[in-house]
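Consider the two complexes below, in which chain A is the common component and chain B and chain C are the respective partners.
Presenting the complex of A and B:
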């Protein structure tokens, strides 16, 4: 491939990186809480989105001597991340003003986070993966502590930093063991090595499992989830939304890549691959059960969504498990990621716009009688909560449906049943806020919300996405299935 | 007589240092010590990479160590900033006293 062609393939990433530099210059030249940085960041994301749609690669292209690969999946994922960034950028400006958060730094770090996540999804080399992981994580730690005068925000940032930093070191240790066993950090070379030999198996085994554990921590699957509720509760709400969508998405794409690191078709590797499946099975079921059981008991909306995202990690891991048996079933994971990030984005924007007090996250009781005060907002809440619960006519139904379907297809029927039971238990938690909103009378002292037009628009757009995709699921699902077959 | 330095000895040292770092993060209560322990873990991994690249007669491991050092410096800068922000609001760096977020 000539260099011009590869440049056009990576052009969305280049546009994003250029936009980051420009936004940084603006925050240096004009240190104020006013608009220019926001406008610039959203413009950058729009350009990135256009570039993604224009330069959609055909099939998987390997770039930079095999250090990165660009495929329809990665470019489409970057397009989705740009859309999420635009929605968060529009939707959270009033929240930032209210919390006195520095505009230009916020948007600058948001762009870096998106760049890191999108490179992480392309990485085909363990070192590139580590660097992209840190490029994604460092802005996330900082953003989590952005309400600088609130001790809880600082606590969330420190907790996130300590777990994230430790896990970065664990990932690197795993990478060094894999390097020691195979003599390379390129995933393609490691795949070739696994086809030829099982020498140094013990070292490789330990290294590979350490790599997987590091990313299971990042997506907060159950024995590794303890940091998540605290970080979600303490971080500024708009930032929590970004972490819930962008970081989860990158984490699962990397997990899929790490699980495909060895040639599982070779007879020597079959027992090892089976033991990996057992690990994923265990983690998936634990995440489902713990996530769905604890979400019911939560009184704080952000904490509730943290446990909800843990149970969503469980569904996604079931999808990965099915893909370990039949690789083409990976499409259920992609569908889940795309749908999940759309509805989570809308839900967090709603929370950030309806926080009544200066310092606190929304408690569940704050929603009491919302219907009387604002029927339209109640409708938006209802759409997103029903989608989370997996009701038909929303995207939440199809995401779960395809995970169940692929679990059955891969012969993991018993786990599909477990997941279905957990979905029913979880649905109670999502329906409870709706009952509070509609059936109770409003507290007359409750503060009224003031939302900006753009903020409202961002929520309405994601609600339309959730419902529109739920009514006409075929279009996007066909695209994602096509990608999964190519992969 | 002092035996010649072999790569596997480096690996053993690296593992000991990594364990010290991990225990430091888990056991110690002072946030600054925890930051240092994270740095210790990253540096022990550097030693690992260098030792493995000696074993394989490759240069990739040494280069990786350089990358890791750069990233580790950035990471510790961010971590220190977060600790300072926390100290400004709470006047403590003791992780036992930082417990506003819990079920």
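Presenting the complex of A and C:
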């Protein structure tokens, strides 16, 4: 591979990195308004998206001495991150202005977060993985504490920072054990080691499990979930949306990579791999049960979505579990991640449109009688909530369907049943707001909903994505399946 | 008993007791100075395994720069009264933390005791480093050739940290509401 070809492979990342610098420059030139930063950030993400679509790699290419791997999956994931970034860039300016936190820094940090997440997904080296994790996490901590005058936002930032710092330390501890056992931080070298080694695996086991725990923390699977509801509630809504989509996505891609770190087909690894499966089974079932049970009891919409995302982590872990038995089943995880980010993005943008009366967050009761006040907005809410509940004709149905299908395929039928029961319980939580919106009379004390044209456009685009994909699932799913096979 | 093993025992003991007193001391300043002790002990351990550059960096960066910052922050916050009292935290949390710690320690000790055949598996042996011209040369060559991608990525980490700091430390009058 000549250098020009490899340059074109990484061009989306280069464009994004250059765009960050350009956006920062332009913010310095004019300080009186935030428009230039917003326009430049969206332009950067748009160019990155175009670059991704134009330079789709064929097969997996390893770059930078094995530090980074570019595959159709990683490029497509960056394209999706760019789309999410564009939607949040358009959708959150009114919210930020309302909260008096509309700084250019929001856009800089958003771009750096996306860069970190996209490199994290490509990382083939434990050191790169750690640095990219921090590049992604630092802006997220800051953004969570962006409402500096609000105690809950400060609490969210501190909690997120401390849990994030702890998991970073756990990751480093694990990485150093793995390095001590294998003599390399490159995942490719570690895979070779796992094929040929006859040494004692003890040190590696400890390190590998610590690495997994760090990322189970990041995706907030039960029992590592306790920080999530407070952080989701306290962080500014537009930021919570970014955290729920971008960070979750990167976290699961890395989990998949870490699980594929050793040659599980080799007979010496089978007992260890089986016990890893038990660990994932346990965490997945706990996440599903706790997430779905608690989501029903929540009154605050952001807390509700926090628990909902914990249960979604459970479904995603089931997908990973299936992929541990049959690697090609990993496509169900990609489908879930893509669909989940799109609907979560829309839902958080909708919540950020609300203007609650007091300082309290948006409560469930604020939706009472929304249909009488604003039918179109009710339609949008309904689309996203139905998708979350997993109704047919939305992506939510197909994401869950493929996880169930691959669980059955991998012989984890009992877990598919557990997941289905949890899906039914969870559906109650998502259908209740719809009933509140449509069947009740308008409540004069409920929060009003206001948005700008571009903000509503962003929501409509993600709603179209949710429904469009739900009606014609084959197109995208074939692409993702093809990628999963190549991967 | 050779000298290396003796030094290892001394440094490890200092490190473990230092780390314990970082957590257990009530006065933040004592904690900070216990941390200095831990850093020094670690520098000694690094020097023992032949990583002289890391030992020097440990003293320069951690003891020199980071600890001075720590002490400055403590001074600026004016928190020299005891606040870090473990007695105030709930017994349940202490119990869970102790259990988790004991579990982790048991797993580690078990692993280390069982893995008699843990050997140095990296490519750089001591002879090789000496042949290539010492620690500093080997590290810099690796940093700017094989690991140049890591190096460049770190610059974005620092960029993110700077923007974060500015965003959080801005004066309150700068809080802007216009679009």
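Rule of thumb we're sticking to: the second predicted complex is superposed on the first by the 473 of 487 C-alpha atoms of A that agree within 3 Å, B and C clash if a C-alpha of one lies under 4 Å from a C-alpha of the other, contacts with A are read in each partner's own complex, and residues count from 1 in each chain.
Simple rule for what comes next: a residue touches a chain if its C-beta (ideal position, glycine included) is under 8 Å from a C-beta of that chain, and two chains touch if they have at least 3 such contacts.
These numbers were taken from a predicted model, which means no experiment stands behind them.
Contacts of A:156 after superposition: chain B is touched, whereas chain C is not reached.
Of the two partner chains placed by the overlay, only chain B lies in contact with A:234; chain C stays clear of it. Of the two partner chains placed by the overlay, only chain C lies in contact with A:64; chain B stays clear of it.
By the touch criterion defined above, A:169 reaches chain B but does not reach chain C. In the superposition on chain A, no contact is made by A:84 with either chain B or chain C. Put chain B and chain C next to each other and count what each touches on chain A; the higher total goes to C.
Judged by the touch definition given at the top, the superposed model places A:322 against neither chain B nor chain C. Touch criterion met: A:108 reaches chain C, while chain B stays clear of it. For the contact definition in use here, the residues of chain A common to its chain B contact set and its chain C contact set are 127, 131, 134, 138, 141-142, 145, 148-149, 179-180, 183-184. Those residues of chain A whose C-beta lies close enough to touch chain C in the complex are 17, 20, 24, 33-35, 64-65, 67-68, 93-94, 97-98, 100-103, 105, 108-109, 112-113, 115-116, 119, 125, 127-128, 131-132, 134-135, 138-139, 141-142, 145-146, 148-149, 179-184, 199-200, 202-203, 205-206.
Residues of chain C touching chain A in their complex: 107-108, 110-112, 114-123, 146-150, 153-154, 156-157, 159-161, 163-164, 166-168, 170, 172, 175-179.
Contact residues of chain A toward chain B in the complex are 127, 130-131, 134, 138, 141-142, 145, 148-152, 154-159, 161-162, 165-166, 168-170, 172-173, 175-177, 179-180, 183-185, 229-230, 233-234, 303.
Only residues 18, 21-22, 25, 31, 34-35, 38, 41-42, 44-45, 48-49, 51-53, 55-56, 58, 60-61, 64, 67-68, 71, 74-75, 78-79, 81-83, 85-86, 88-90, 98-103 of chain B touch chain A when the two sit together in their complex.
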